[in-house]
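Note that the chains are named A, B, C and D in the order they appear, and that numbering of residues resets to 1 at the start of each chain.
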Amino acid sequence: TEETTTGVIRLESMLADGALAYPVIAVNEADTKHMFDNRYGTGQSTVDGLIRATNFLVAGKRAVVAGYGWCGKGLASRLHGLGANLIVTEIDPTRALEAVMDGYLVMPMSEAAKVADLIITVTGDLNVIDGRHFEVMKDGVIVANSGHFNDEINIPALEQMSDSRRTLRDFVEEFVVDGRKIYLLAEGRLLNLSAAEGHPAAVMDMSFANQALSVEYLQRNRDGLTVKVYVVPEDIDKEIASLKLASMGIEIDTLTPEQERYLKSWQTGT
Amino acid sequence: TEETTTGVIRLESMLADGALAYPVIAVNEADTKHMFDNRYGTGQSTVDGLIRATNFLVAGKRAVVAGYGWCGKGLASRLHGLGANLIVTEIDPTRALEAVMDGYLVMPMSEAAKVADLIITVTGDLNVIDGRHFEVMKDGVIVANSGHFNDEINIPALEQMSDSRRTLRDFVEEFVVDGRKIYLLAEGRLLNLSAAEGHPAAVMDMSFANQALSVEYLQRNRDGLTVKVYVVPEDIDKEIASLKLASMGIEIDTLTPEQERYLKSWQTGT
Amino acid sequence: TEETTTGVIRLESMLADGALAYPVIAVNEADTKHMFDNRYGTGQSTVDGLIRATNFLVAGKRAVVAGYGWCGKGLASRLHGLGANLIVTEIDPTRALEAVMDGYLVMPMSEAAKVADLIITVTGDLNVIDGRHFEVMKDGVIVANSGHFNDEINIPALEQMSDSRRTLRDFVEEFVVDGRKIYLLAEGRLLNLSAAEGHPAAVMDMSFANQALSVEYLQRNRDGLTVKVYVVPEDIDKEIASLKLASMGIEIDTLTPEQERYLKSWQTGT
Amino acid sequence: TEETTTGVIRLESMLADGALAYPVIAVNEADTKHMFDNRYGTGQSTVDGLIRATNFLVAGKRAVVAGYGWCGKGLASRLHGLGANLIVTEIDPTRALEAVMDGYLVMPMSEAAKVADLIITVTGDLNVIDGRHFEVMKDGVIVANSGHFNDEINIPALEQMSDSRRTLRDFVEEFVVDGRKIYLLAEGRLLNLSAAEGHPAAVMDMSFANQALSVEYLQRNRDGLTVKVYVVPEDIDKEIASLKLASMGIEIDTLTPEQERYLKSWQTGT
């Protein structure tokens, strides 16, 4: 089983190259995984890491979120909920449009970098903040990553451009570029894991349940599965959501027999 | 091509019954359709219909949204944005959990009906507001539908339970049940189409573009398609999003060659 | 008694000029008036007027609110709640800072006018949108007023600059300036009164209660009052809030005797 | 000078008792102080303290905020922004009504305590969470204070009712009452000061500027001031807001001479 968005992209590449050796269930693709862990977990734990590292007041700041996938949506929502003014950067037009319709400004990173007080990357891609972006940043900007690896920020480029570099407090390094201070958090590693405690247990329980039930499923069905990347069976996904609701003491409606018949029919109601 | 969520459910039923006669593209499944039309379009036009019909102050009211699909998410977001306190009812545990995590209360309709000032159905299902719910509603409650047909509210049951019925103003009927007044809007028909002007042009342009480009695609590829319900090809979907962004004067990032290589590779970065 | 923010400013000017002839209670200054009528009432009814006049999709648009008093706060909150990206203009630094901390962009009108899809004035002042602002607006911008008089937009300047002018639909006039279309709503008169039904009854009841109880108070205390602008007595204000809560079926806490003693004391707890 | 809301209440009591010995400026009453420090500062730093102490996922939880003054408004807004479902308790009907209109549920603490996952007091009052409230709380509830002193939670009552008490991690104590676990944070002391780093520097700078400029004002005007509680002169307040905006690189509009004349006049525009 595989847990992360970036990991799933890798598995798909391995499959394309014939390098995948056994069937895999992409747990990240489960609704109960990506909606809750990636969106709500990463969102809260990243702002937690940010505030712990810097004691930065979020309200009133211009915050740039690079990437509007589940993690980016969650992070944007939490920064907005703490009073930041949000800018989203994207390479996918549909996601970019969704960010616009959600009320955020969307622009290329080369423009966003000029006005940002804070930039956090959650793209799973390489050098999303690159040398040319550091060149136009304001004095005092904070730069961090909450994506997958420490590849999203081009730190070697920053090092090369800087006149000085020093550690101000845990997880906060100050680089001086042409007299402007740029603060890099957690060496560009995942801010939520480095500077905070990672995801709350209340989120990870659903991810681990997906892992456990998926491994059991792979075991039980091993003869019928071919070498490919599977999604989590919908039944497992819904079962986990039901258990979670029950643990929170929340009840929901169930279909009446009349409603089940109605949904299956295409002859009534037209 | 087919435009609506409920329509797609019907087509799938027809296919299961062998009643589908030719290939169909489910335009509703396009991201640019369901995210923008169902979510943002239905949300705004439904609150528009509500306010036009009633001149009701939304702020401070307890509003129940039945169904947390795209339409329900959009409607909940808009009512919340106008200051209502939201309750969501659902039959799907994953969606119910998403509503909880979005900060809304979730409960069965039988509980929600007791405290609601306003109930709007967007489920595509039958008798979501039924006789047993009318029995427990507060005096002065407003009931409406913005789903598909006027099946979602059991109006015959309401008629039978009522001691009196009169039209107060356009689109507002008052039923008196055991001395409690229940206001039904637009005879349970789609509130946004009945009492307002339907979706804004800015939303429908994307839906129509999906329709047009999908029909062209069906025509161009008719020999290679079998009788089933197709989704809109991803290229068409992204093309529409790009055109929309351009028309709004919004630019986004594009992948550098280095980034494209990175995303296709599974050997670096681990 | 006097009902509006702008009216109170006038009364204070009259008092300074010796032109005030009798004691007046500024009902607008009551918490239950300005918080609920100006903020929630004007906010909702203005977006209602906007949508009725134009069937404009608010989500994804850049909306400028001129003025961040109670009306401006309410309007900004509602436009934001419908998915707009907000810019606030102000002349008062404290209010400007509050808008910033609430997550909105703040800039001079000369900058805001360049990027706006929609501009609404709620300042009570003159020519807040002036000739030099029309010169830099984008093609297709919508301009409206929800302040006091039709003085906030310099319509004579717009008329003089325009090559053509025509009415597109009720409350929507199109002016063409250097090939750019500018849409003026409701001739610059109050958008919520012109194009919608004004404030919901649920808001105005509190304003009228303030009016009625204040007139009664003036009558009862006429011998002890001098010629000046009075605020609504706090008792009346709280009484109205209590009645409103009771009508909504909402209960609140009351101080225990122990808590009353504690609040009056400065000797314990330090 | 005096910095806090509760401190100002004390000073007023001292004045009423003739115990105030010299003129005092209530810095807390400055707009730049109470709006920014109490609202934005307390809000963020309290959720920061909460998350550090517990690693609790805020999204989807029912959170009760006792008190809807500036601190309560800020805290409610931040908890809501992190995805909680909010309940507000109040003793003041106007504030209670404002909370309702802001979209929150309002109810007495005796009701709120039954459904809460989290209760935080910010009232400045005594025993706001009392023995009778502990009796009805759910298993697993978190209880904390971010008001003034550790008087807001009746800890002696909790101690007496409990069968056991132990420290789980820093700032988290578990009490067991009739088999239900109640978690008390930071011994009921200010959560933001105890478990986090207090207010961000970006907020406190405005408070300290108010303190410094007010002390200078007292000194300069000492002969003309009597023994009472003064507010911060409006000029100082606006000066601080202007300096803060300038430090953030934000420009605002200024009145034109024509606009100044208009605001002073009551003869035009009617």
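The criterion applied here is as follows: contacts are C-beta pairs under 8 Å (C-beta built on N, C-alpha and C of every residue); 3 or more make two chains touch, one makes a residue touch a chain.
Owing to the predicted nature of the structure, the values given are computational and were not obtained by experimental measurement.
Between A-C and A-D, more C-beta contact pairs join the chains of A-D. If you match contact pairs by residue number, over half of those in C-D turn up again in just one of B-D, A-B or B-C, and that pair is A-B.
For this pair, chain A with chain B, the centres built from the Cα atoms lie 27 Å apart.
Averaged C-alpha coordinates give centres for chain A and chain C that are 39 Å from one another.
Distance between chain A and chain D, defined via averaged C-alpha coordinates, is recorded as 32 Å. For chain C, residues touching at least two other chains, in rising order: 40, 59-60, 80, 83, 97, 100-101, 248. Of all residues in chain B, only 9-11, 13-14, 17, 19, 31-32, 35-36, 39-40, 89-94, 96-98, 100-101, 106-109, 111, 124-128, 148-149, 151, 237-238, 241-242, 244-245, 248, 250-256, 258-259, 262-266, 269-270 touch chain A in the complex they form. Residue ranges on chain A touching chain D, taken from their complex, read 40-41, 43-44, 48, 51-52, 55-60, 77-78, 80-83, 138, 196-197, 199-203, 248-249.
In the complex of the two chains, the chain B residues touching chain D come out as 59-60, 80, 83-85, 97, 100-105.
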